[in-house]
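Before we start, here is the structure in question, set down as structure tokens.
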Amino acid sequence: MALRTREEYIESLRRQKPKVYLGGEEIENIVDHPAFKVGINSAAVTYELGQDPQYRELATVMSPIINEEISRWTHIMRDEQDALAKIKMWSGLGNYPCPCHYRCITSDVLHAAWATSYEIDKNHNTSYHRNVQEIVKEIQRNDLIIGGGFVSPKGDRSKGPAEQADPDMYLHVVEKRKDGIVVRGAKAHSTASPYTNMLCVIEMESPEDYYVGFFTPVDTEGLTFICRPSHAPTEPKEMENPISSKFGGHVEAMMVFDDVFVPWERVFMCGEYDSVITFGPILGASHLWHKCMCRAGNMDLSIGATALIADYNGVGNAPHIFDSLCEMAMSAEILRSCVVSAAVEGWRHDSGVFVPRPSPVAAGKIYSAKKLGEHRYYMQDAAGGLVGTMATEKDYRSPITGKYLEKYYKGREGVPTEDRVRAIRLIEDLTASEFAGWYHAMCISGGGSELSFKTWLAMEYDFEKSKLKAKKAAGIGG
Amino acid sequence: MALRTREEYIESLRRQKPKVYLGGEEIENIVDHPAFKVGINSAAVTYELGQDPQYRELATVMSPIINEEISRWTHIMRDEQDALAKIKMWSGLGNYPCPCHYRCITSDVLHAAWATSYEIDKNHNTSYHRNVQEIVKEIQRNDLIIGGGFVSPKGDRSKGPAEQADPDMYLHVVEKRKDGIVVRGAKAHSTASPYTNMLCVIEMESPEDYYVGFFTPVDTEGLTFICRPSHAPTEPKEMENPISSKFGGHVEAMMVFDDVFVPWERVFMCGEYDSVITFGPILGASHLWHKCMCRAGNMDLSIGATALIADYNGVGNAPHIFDSLCEMAMSAEILRSCVVSAAVEGWRHDSGVFVPRPSPVAAGKIYSAKKLGEHRYYMQDAAGGLVGTMATEKDYRSPITGKYLEKYYKGREGVPTEDRVRAIRLIEDLTASEFAGWYHAMCISGGGSELSFKTWLAMEYDFEKSKLKAKKAAGIGG
Amino acid sequence: MALRTREEYIESLRRQKPKVYLGGEEIENIVDHPAFKVGINSAAVTYELGQDPQYRELATVMSPIINEEISRWTHIMRDEQDALAKIKMWSGLGNYPCPCHYRCITSDVLHAAWATSYEIDKNHNTSYHRNVQEIVKEIQRNDLIIGGGFVSPKGDRSKGPAEQADPDMYLHVVEKRKDGIVVRGAKAHSTASPYTNMLCVIEMESPEDYYVGFFTPVDTEGLTFICRPSHAPTEPKEMENPISSKFGGHVEAMMVFDDVFVPWERVFMCGEYDSVITFGPILGASHLWHKCMCRAGNMDLSIGATALIADYNGVGNAPHIFDSLCEMAMSAEILRSCVVSAAVEGWRHDSGVFVPRPSPVAAGKIYSAKKLGEHRYYMQDAAGGLVGTMATEKDYRSPITGKYLEKYYKGREGVPTEDRVRAIRLIEDLTASEFAGWYHAMCISGGGSELSFKTWLAMEYDFEKSKLKAKKAAGIGG
Amino acid sequence: MALRTREEYIESLRRQKPKVYLGGEEIENIVDHPAFKVGINSAAVTYELGQDPQYRELATVMSPIINEEISRWTHIMRDEQDALAKIKMWSGLGNYPCPCHYRCITSDVLHAAWATSYEIDKNHNTSYHRNVQEIVKEIQRNDLIIGGGFVSPKGDRSKGPAEQADPDMYLHVVEKRKDGIVVRGAKAHSTASPYTNMLCVIEMESPEDYYVGFFTPVDTEGLTFICRPSHAPTEPKEMENPISSKFGGHVEAMMVFDDVFVPWERVFMCGEYDSVITFGPILGASHLWHKCMCRAGNMDLSIGATALIADYNGVGNAPHIFDSLCEMAMSAEILRSCVVSAAVEGWRHDSGVFVPRPSPVAAGKIYSAKKLGEHRYYMQDAAGGLVGTMATEKDYRSPITGKYLEKYYKGREGVPTEDRVRAIRLIEDLTASEFAGWYHAMCISGGGSELSFKTWLAMEYDFEKSKLKAKKAAGIGG
């Protein structure tokens, strides 16, 4: 099948029958439901790119696993060159204004599961790696998109799984059968999952029952999605919410596993604690790396929007605008540097997968999340008071009020009023819409908390080596 | 009438017949229109406070102008004690979660117009001050709320009024008659104006036609409001948007003056340039002072919400939470200090009005606008991934999905699940809703841009004195 | 004696015979020793101010305790007016470029000891308060300066006094006699103490032996000062180090108490734990308040120096300089607001002393310490590369090289080269000298660590009230 | 000669006879003069590294120009691999505590002159490139170190060279002869230049006389160095100033060119304006790249010192220390990422030299300069009050006072007191010494001002492309 088209992706969703609830009702057909439109459209972006003549070459790669041309999104990276090629493809994608297509997870879990299953087999004489190989082949052949189930509800965060009042606060194996396992629990904020083609679900806690990893179809028996609509306007507003009417965030879902059966062929870990040092770091490094790429693309959009509205307002050359633009451009350069550095300083796992170095992108993730508030300040400051106060499109199009708005929303000479209105609306959509709120949340908590990344970074940074350097400098020791 | 009740205020709106458009349609009755509900409810807060036994005393003051008990919101401050009393009243108001009641403008314009008309009369042998005195009496007697029209569309911001392609880009006097003036132009982002009882409109540019200040009824002939709905959910969602369903921002309006007649009795400046140094600084100092008070109250709410959700998540004592709370509390203390300092270091204008010192609150305004992004980071970081991903209330109440959500949204023991859900929704409403976007915009651009405040601060700070100190320290000069 | 002159202060030091070591040698006469010059000169500033006709009135106050005119530095504040008067005096002092005169401690300890002794007497039927009253009278009559001994070495900071391997790591009472107590231990970084007239020493730990407070002469038997020289140039360089040659920091001392006897008349606490809630908060609030005042004065000097050098370089009107100056001026306004607010919102202790509210100045202290690095950036950025690279004064005065330097150090027309050289040297002394390093350390650690102030602030900020507000807003609870 | 030893480098300085003044006196022999010790020792570090068996391989490279093994510091990079190898060598150098060896300039000017001369020859039929080739051969064969003269005094910064009252405020050609040119003017803050083996001097202004670039010996006729001593303690204090006694900054010099003759063979540009787009960007990109590498090494030292003292104080595991360390480690990762990214995204000039991409390191330079104040805060906060207040080494070694200091400077059990003293002194030397002041200045102004780098970054960042992306997103245009 090589690369699927946007239509083939959407068609595949129609064939799936997940149990989906939203707003208190069961949704039979998510594809045509307004709450899912924007999310599915966002996920479809990666399929569009694959058909875009300008990017097709970058989007395609020869798979050494199935010896066919496949989408780069399903490719298992093997070396630095693969990593740099991906950055280039992503950079192309950066020209699409979609802030989050969510295809990253497909790549993240395949890399992590590939390495982890290899590692466990080596240490425990299991045969998980073959399972993962088969799944990778299936994904590559059919150009699938994978959803992730990583975060359990956790209940009281100061307690572990076994100490919780309710044992289901973390997902766990309730039965091991000859042909597979039965799992119970839930996964919170599983972005986009109802419109993916397969799920990868993990829990990595103790005791043993709480340590498991598997793949499963989205319409498996016993699995329920309780969804929250995309952070998009109720009806698409192409002028007022130019981004969020099309790509404005994903449907978020809680996935409830009410004794779901998973055949052994789809399991890749089950109780082998030692693999925690493989799966987590690879999943995380990959995901942060992808996150930083998308964030950098979004920064470019913010910079462009700021430069544009300043120009339309007639203050394109004001010193404070210049300074704001430079500050934002510096952030973009720094973030991009983190992405490149993680690629160049990556490493190859014994199983053959190439993994970006986590620290640069952990730092980049926190850095860019903290910069968001500052950037929005610059954007709104350049746009002026009309952000959040501009009249509706309906009034702009109205024969009665339209003439006033056309007259009074005019900016500098040579710029059509409508262009200025659209530019201000873009700033508003990026900084002051419901979507903007979701995006902020995704930047802060998406992928994990600041503390978790700092802990990780602290493990990788060689403090002892630096202490030795300090000792030598201070004249301490031998 | 002394102090109006909430109902009397709303009743007064019913009697007014402003020409209001919203969403392409004329709105006959704004009081019962859903788009205006939240805005009117926010403005009504100051009337509620006046009836609240706990605050009634603070909310009332004896007017030396009409020798009656009046609402403190319409009082002309005469000394530091008045200013400190207002801070106390505002502090009480801070216990209401309303982020913006908009009554500040009533006070701002009365102080500025009072002083300015006095000043002009002295220099130009005019008799504006009597006009203002009569208006103040009317406002005080009837406990009115005033809307402001300060910001013209401006067109090309690099050009002045006379250089614009369209002469109406700034409001101006098109005719001076014996009995009054006729004005033309527009005022952008005039918050809440359709549901006030009177408007104060100014332009302070040159040439002379562009220099004017007056009061006018909201339903005067030739005035059109083109509105944007409150940044509230389409239908009130008491659990999901606990703030913005009730107080979630105001209706914003463009006011179009299509040859509006204003009798001389309502005019308080008309071509007397030199008064620019009186009106602007007093209006600004007063408004920034009020803005900082409201922002400080909002910080308390943010701090409380953060402490609450951390507690519900079982991490109330985690060091990083402690640090976040302290950082926010420091901001609140600093901002409050700016408010107190502006009051204590205020000055009395010859006309008798007491004016807060502008620099502390100009600094406080910029400081607190820049802190907003950082505070939201702390809030979302403490709340975790459910901000922006939580399922809808309908699913929470549903017999099918509700049981899962009740089970899996549970936090630490002893906290009802619904309380935790509500606490997360509060964080979401404060940081990631459409209202949150509007609030950010209001913090950044509301009242003027950073550059305008810096320019102002630079005029007040005595750089020459500091240079002299530096010279003395460096051993330069005599 | 009323107010002492600078000379009388210095004369008083000559009469004292403290045991002082510095650089491995015993110093018989500190007054004439080069390492002490700058420190004594700094302390003398408060005596100079008292003789300065411009400030004399502010510097004097009628003492209700001894019914004589006294120096305001020894005055026990009784109300807000006292506090505001002190701010005014300090503001006058701000015109002296001395960054730290250290007279603050005199005021801090008198307020704290006055209240604490009163409190203990009430609870324990002791008679400490009379002791303190007598000491205050002595201080006021003779216009003395007090040194403080607050910080013990602490050893292993993760352990308390009793757990330390060496029991002397915290100061403690080793013997209680009929006529007094004997103490042992040490006090670290006791700024300026050798050239004060009396010491106030405390320890407030458990067990009981480690809880004590007393006054003692500087030349008491058994007390040794081990000093570190002022952070001043080895020989005064009036042009190269214009600040630090005169006021460049104090002598720091470790005070070792090797079984020092203190008569009961000089003791004001000894084992009465409960007083910890009185002494610490009052000492701290007073000290932070004073610290913020001095820091604000120093900010003015930094602002003036920046404006001056920008002017001399011919870029006084460049937008980035304007922005830097405004940022610094905002910081100064904010810090000053914290000072004013702490005064206005202060409280009177039962014993009659008026105490500033701690939170605004705790916040101000941390805020201003963190701003120092940023301000230095602005200062050096405005001054340019000559900071840290300029040739010596000797070369500037040399007949051979002087002509080149005179020629090539020239700035904009109209500014004598020497003035520009001096202005750059001022920036250098303020940002890049050894003194600048000490000043940074004093801003960060002086008075206590960030964590200690946050802990304090967290005790004062009413988190529960804010949580209640949040609950109400979220619709939680009854 | 291949790689010189440290001794050979110093011997070469003895053979040179530059005209050097310092402190008003002429210095005949700089090698043995105390003011030059630390600077020469710092420059010698690169020669030491070349002899260090651990780094020798990295420090050596086969030169395709002279077909010999040469020092990597004199190598002309040809591709990304060269760039990555240099990063590795620098990383090794990072284990030396020297903050600035100044060998960077050698590499910077060779790359820039190589490309520029090639470019000019192509456009103007000149033969500069051969000159540069010969110079490169000489440098490589003899392992020389080059000093730079880039910054003219500038006088009034708001005016260009021709508008200055004194025409010599910018360096210029006063005579063109058949055999060479004669130049007049001065170069300010030329770091380390008296102890290099050759100078590269440029001016790139108009009119034509002010556009010139050449190499010249340090002891050429008519050239005078007016020096400022290294920012090191007057006498080396191995314990008190462990860094700055050995590597504490360089001698800074003003170089005065009083009609200096330069033969044409040493000139590589002279009036060919168009080359400004080649020389500046390559010099700058190279220099910023090197600067970021050194700064990252210095960050590691700061991190190590902080971790060390926290450990010695017994608070190595305190949450606020963990947070400080992580913040600093993130900065180090980000800065290193900028270095790697600049290398990987570099480009090859037609002349064959490989140039790092400037934007990442321009951003990194500003980022790291602004972080310095923050990092010092963390460092001092972890170390506590003894920074800047600790007694002298002489007292520590004294038989009288030493026993007290040994007792009371003790930290946590298991750590010798002297080690703790040394660790605190290291923090002090890095954050609060005169050297620390110079280092701050070098981070801020070294290599150019923030504004100049922003201007540069603004030229490289593609704002138009981002505007186009914004337009597309907003629905503006075709």
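When the chains are written out, they are named A, B, C and D in that same order, and each has its own residue count from 1.
Basically, a contact is a pair of C-beta atoms (placed from the backbone, for glycine too) under 8 Å apart; a residue touches a chain by one contact, two chains touch by 3 or more.
Quantities reported herein were computed from a predicted structural model and do not represent experimental measurements.
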Neighbouring chains common to subunit C and subunit D, by label: A, B
Classification of the subunit B:subunit C interface as same or different, half of numbers criterion: same
Averaged-CA centre spacing for the pair subunit C and subunit A, given as whole angstrom: 52
Distance between chain centroids, defined by C-alpha means - subunit B, subunit C (Å): 41
Intercentroid distance (Cα basis), subunit B paired with subunit A, Å: 38
Per-residue overlap in subunit C, given as positions that touch at least 2 other chains: 320, 323
Overall pattern in which the protein chains touch one another (line/ring/star/complete/other): complete
Complex interface listing, subunit C residues touching subunit B: 84, 94-95, 97, 238-239, 242-243, 300-301, 303-305, 307-308, 311, 322-323, 325-326, 329-334, 336-338, 340-342, 344-345, 359-360, 362-364, 366-367, 419, 422-423, 425-426, 454, 457-458, 461, 463, 465-477
In the complex, subunit A residues that touch subunit B: 21-26, 151, 153, 155-159, 165-166, 168-169, 186, 188-189, 191, 224, 226-229, 231, 234, 252, 254, 256, 313-315, 320, 369-370, 372-374, 376-377, 380-381, 384-392, 394-395, 397-398, 400-401, 404-405, 407-413, 428, 431-434, 436-438, 440-442, 444-446, 449-451
Residues of subunit A that touch subunit C when the two form their complex: 319-320, 323
